[in-house]
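Below are two complexes that have chain A in common, paired first with chain B and then with chain C.
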Partner chain A sequence: MSKVKSLADLRKMRDELQTKVSLREKSDHPDKLVQVKVSMATCGIASGAKEVMNHMIEEMDRQAIDAIVTQTGCMGYCYAEPTIEVTLPNSAPVVFGHVDNKKANEIIEKYIIRGELVDGIIPVNYETVKENKNE
Partner chain B sequence: MKDLSMHIMDIVQNSVRAKAENVTLFIVMDEYWLTITVQDDGTGMDEVTLQKVRDPFYTSRTTRKVGMGIPLIQQNAELTGGHVEIESTLGVGTTLTAQFGRKHIDRPPMGDIASTAAMMMTGNDGVNLQFEVQCGDEQFAISTNEVKEVLGDVDIRLPKVTSFLKEMIEENLRELNIEFD
Partner chain C sequence: MAKYKNHILVCGGTGCRASQGEEIVQNLGKVIEENSLENEVQVVRTGCFGFCEKGPVVKMVPDNTFYVQVTPEDATEIVSEHLVKGRKVERLLYTDPETQERVSESKDMGFYKKQIRIALRNCGFINPENIDEYIARDGYAALGKVLTELTPEEAIKVIIDSGLRGRGGGGFPTGLKWDITRKVEAEQKYVVCNADEGDPGAFMDRSILEGDPHAVLEAMAINGYCTGATKGLIYIRAEYPLAISRLKIAINQAREYGLLGEDIFGTGFSFDVELRYGAGAFVCGEETSLIHSMEGLRGEPTVKPPFPSESGYKGMPTNVNNVETYANIPVIILEGAEWFSSIGTEKSKGTKVFALAGKVNNVGLIEVPMGTTLREVIFDIGGGIKDGKKFKAVQTGGPSGGCLTEKHLDIPIDYDNLLACGSMMGSGGMIVMDEDDCMVSVAKFYLDFTVEESCGKCAPCRIGNKRLYEMLDKLTEGKGTEEDLTLLRNLSNVIKDTSLCGLGQTSPNPVLSTMENFADEYEAHVRDGKCPAGQCKSLMQYVIEAEKCIGCTLCSRVCPVDAITGDKKEPHLISQETCIKCGACYEKCKFGAISIQ
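Showing the complex of A and B:
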C-alpha cells in the first residue's frame, strides 16, 4: 500500500516552492502574482462555483502558472454566476460571468497567459453621471 | 445545493464574512446521524437578527435581497428527519449545527469534501480553519495554522498547495476508511 501524504511531505514541497518564489522576487518584474477570486456565496455555489474553482486550481497547478486563487463573497451578479474576478499584475480587475469549466480554460489560455480579452466580461469600472460626485 | 460539501462551503463563507479569525468545522458521523457543526469567533448576531436568519428574504448583504444559505440547509436537514440549530452571541461568535439522517433516502451525498476543505483552508485569507472529521473511533483533523507553520514564508494560496492538501485529506480519509457514502 502506498504511503499516505502527511504534513512532512508538504515540508519537502515547501523547499521546491521557496526556490521558485525567490527566483521570481529577484527577477526584473517583482510584480504580484495573477490573482483569481471566485465568488463563493450561496448563489455562486449553487451554480457550480466550487467545481470551477477546483478546476482552475488543478489547471493552474498543471500548467505551473504563478497565481493565487481565493474565494470572495457575492459580487451582486447572481444572474451571471459563477463569476470570477481576475487581476493580472499591473492591470485593473476584470470580472467574468457565466464561468463553467470550458470558459475557465478559455480564460486561463487567452486572458491569463496571453492577456487577450475574452467574451463574458461584466463591466464594473464605468461611472455614471449620478455616481460622479464631482458634478 | 447538490451535495453537503456545497452547504458546508456556504455556511463557512458566512463565518468568513462575519470577520471570524477562527472557524471550526466538525463532521461527525454515527450509525444514524451525520452532523455538521460550524463554529466561529466572528461578530455574532443579536437576538432579533438570529430570529430572522431562517427567513429566505432576510440578508445582511446589500448586493441582493435574498439570503438562501441557511433556509436551504435547513430544508435539506429537515427532509431527512434532522434539524438546524443556531446559537449566537453578539461579539462572541456563532455556532451552526445541522443534523442529517444518515441513511435517509433524501440525504444529499457528501460530495467532494477533500477538495472543499482544501479550498476553504487556502482560499480564505486570514482565517484559520480547523477541519475535523469523526466517524466511529476514527478521527482526522487538520488546520490552516498547522499548514502555514509548515509552509513558512511560502504563500498558502498557491494552487500547488491546495492540490497537495486535497490529495492529503483524500488519502487520509481513505486510509481511515471514512466514507460518507
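Showing the complex of A and C:
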C-alpha cells in the first residue's frame, strides 16, 4: 500500500477499505438494512444454496445494496430448496423458493430494489414460539 | 481482496487472552481450514469487549451472535454448527440471570443496553494490529481534517466547546490545557500521553491501548498540531506488555503510511511518537512526577506552578493528557462539539469508561453517558450483587476516591457530584462491596496501598499516611479508642491540606468517606469490640452452641490446630487461645451449631 500523501489519498483508501469492516458495521443495526437468510441445511446445500448465497453477496455488493446475507437452518420447505427469506426494512419477511442464480437476480432487481413481488413466494403461515409469547 | 462472508471476532484483551483466547483463535483457524472455509470466514483478534466477567468472548458477524466463556475445544462446534449448519450453539450463549433465557445478540443483553461507546468505539470491533481497519472506520480522517481545514486555534475551540474534561481524574478542561500550551512560546514543545494507569482494579487505559492504539496516536498528532509540538511521548507502565507491543506495531504502521513522521498529508506538519516505560509507581501518574521519571530522574512530584504546560519535559512546554481523553478527540473533531456536548450533564460532557469490579455479577469495562446513576451502572449493567447479597458500598476513584453508599445510588455520576459526595471520578475504577465487607478493613487496604506508593518526598504523605495505617490497624485488632477516631479524622484533614501532590492530597479520602458514611461501623469496632461484617479476625470468635451440637466430631477432625475438644455424642468446645479463626469448622458443621460472635 502506498504512502498517504494527502487527505484525498486517505479518503480514497478508506473507501477501498470500507468493505473490510462494513460487514461488522452493518450487523450492529440490521433492522435498517435488507436482510437475506439463506436456508442452508443439508437439503438446501445439496440443491445449491451455497452458490446462491455467494452469488447474492457478490451481486448486491456490486450494486452497492446495503444488505446482510446470513445463513440459517432448514426452513422446512425442502420441496422448494434452495429457499431464501428476504426482509426489507420495515416490512414483513417474504420467503422465496426454488432460488437459483437467475431467480436471485430477479429477486434483487424486482423485490429488493423496486419492492415488486415476484413469482415463487412461499406463503408463511406458521407462528414462531417468540411471536406466540408476545401475544 | 478476499470477500469474507463471516467474521469471527475473538476478544484479544489481556483478560480474555489469559483465559486461552489465543488458543481459541488458533483452533478456530485450524478447524476453518479443515472445513475449507478459509476464504469465507475471517477470524479477527479485537480489543476488549468489556464483558470480562464471561470471557473469553467470541462474536459472530453478521448475525451478531455473542458467545461467552468459550474454550479452545469449542472451536470445532462453533465452526461445524454455526458456520456450516447455521445453527447457534445454545450452550455458549449468554443466559440472562433474571429470566434464565438465553440471549443471542449483544444488543439485547442488559450489560450493553445502557452503554454508549465513544472512547471504546473500536474496542471489540477492529483488529488493533491492522491500520487498514482503523482507516476504514474513519481513522486519521480527523487528523486530516484538522491539518488541512482548521487552524490550531479553530481546532482547540472545537475541543473547548465540546466540554471535554480530563479523564485521568482531575477533570481539567482539555481544550483549555491545550490552549495554555499553545500560547507559551518555545523552541520545542512536547505532547505526552499518560498511560501510567495505577488505580487498583482500573484497566480502561490498557484496554483502549490494546484495542484501539491508533486512536491515541491520531489524537496525539492533533494535539501536536494544536499546541505546536512535534514530538509525542507515551509514558506507559512496563507491566502492560500487550499494550506496548500493539502500540509499537501501530506506530510502525502509521509511520509506514506517512501518518506519523515528516510532512503529514503533504501539509508540512511533522510529528512522531516514542514510548517511555514506567516501572509502575502510582505517584508517576501525577504529571510532574511522570515528567521527572521520563527525564530519568526519580519519580517525585514538584510544586505547581510552574505547570507542565509552561515548563515540563526538559523544561519545555508539555501537554499531558490521559489515554481515555485522547481516545475521545478524533470523534469530537469529526462529529463536532455540539454533538459531543449534547451527551452528558451540564458540566460533565460525553461519556466515561468505568472498570466495574468487586462483588458485582458482570465484572467488566463499560462506557456510559455522564449523568448515569450508580444504580443503573451497578444493577442494570452490572447485573446486581453476586450471590444475591445486599449492596453495601461502592468505591469510586481508586485510592484517591471515597466509598459511596445506598443513599448515593440515584445521584447522576459526574465530576462535580462525585466530589460533592466526598469521592471523585478518578480514572474510573468502581469497586462494588457487599454486606460482608468491613469498611474499616477497606480503608486500611487503600492506606496500605498509599503507604507503599508514597514517594516519600513530603512529610505529611510519608509519615502521615503511615500513622493513619497504624491507627486503622489498631482498630481492626480491637485495640482502638475513642481518641483514635478523633485523631484519625484530624490527621486525615491535615494530610489533605498539607501534602505536596495529588497522591497525598487525596489519600485520606477512603478513611474520611468511610468514617462519614459508616460511623456506626467504626464505633462498633471501638466501643463493642465487634466487627459487624465479621471480617476482622481479632474481633470475632467461633463458638459452639451446646444445645445444637450432637457431638459428631466432624469439627474437631477438620480443625487444623486441634482447638476443638469433646467426647463423641457430647457437646464440643473451641479453645479461643488455640483457634486461628480459619472458619473450617463453621463451614463443615451440618447442624448450624457453630456461630460467629
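Here is the rule we use: the second predicted complex is superposed on the first by the 93 of 135 C-alpha atoms of A that agree within 3 Å, B and C clash if a C-alpha of one lies under 4 Å from a C-alpha of the other, contacts with A are read in each partner's own complex, and residues count from 1 in each chain.
The working rule: contacts are C-beta pairs under 8 Å (C-beta built on N, C-alpha and C of every residue); 3 or more make two chains touch, one makes a residue touch a chain.
Only a predicted model underlies this, so the values are computations on that prediction, with no experimental measurement involved.
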Chain B versus chain C as contact partner of A:M60, first or second or both or neither: first
Which superposed partner A:T19 touches (first chain B, second chain C, both, neither): second
Which of chain B and chain C A:G76 touches, first, second, both or neither: first
Contacts of A:A41 with chain B and chain C, given as first, second, both or neither: both
Partner chain in contact with A:L10 - chain B first, chain C second, else both or neither: both
Partner chain in contact with A:I122 - chain B first, chain C second, else both or neither: neither
Footprint overlap on chain A, where chain B in one structure and chain C in the other make contact: 4-7, 9-11, 13-14, 17-18, 21, 40-41, 53-54, 57-58, 61, 68-71, 73
Of all residues in chain A, those that touch chain B in their complex: 4-7, 9-11, 13-14, 17-18, 21, 33, 38, 40-43, 45-46, 50, 53-54, 56-58, 60-61, 65-71, 73-76, 78
Interface residues, chain B side, partner chain A - complex: 1, 5-6, 9-10, 13, 16-17, 61, 63-64, 67-69, 72, 112, 115-116, 119-120, 122-125, 146-147, 150-155, 157-165, 167-168, 171-172, 175
Touching residues on chain C, where the partner in the complex is chain A: 1, 3-5, 7, 9, 61-64, 85-87, 107, 125-126, 132-133, 135-141, 144-145, 147-148, 256-259, 265-266
Residue ranges of chain A in contact with chain C within the complex: 1, 3-7, 9-11, 13-14, 17-28, 30, 40-41, 53-54, 57-58, 61, 68-73
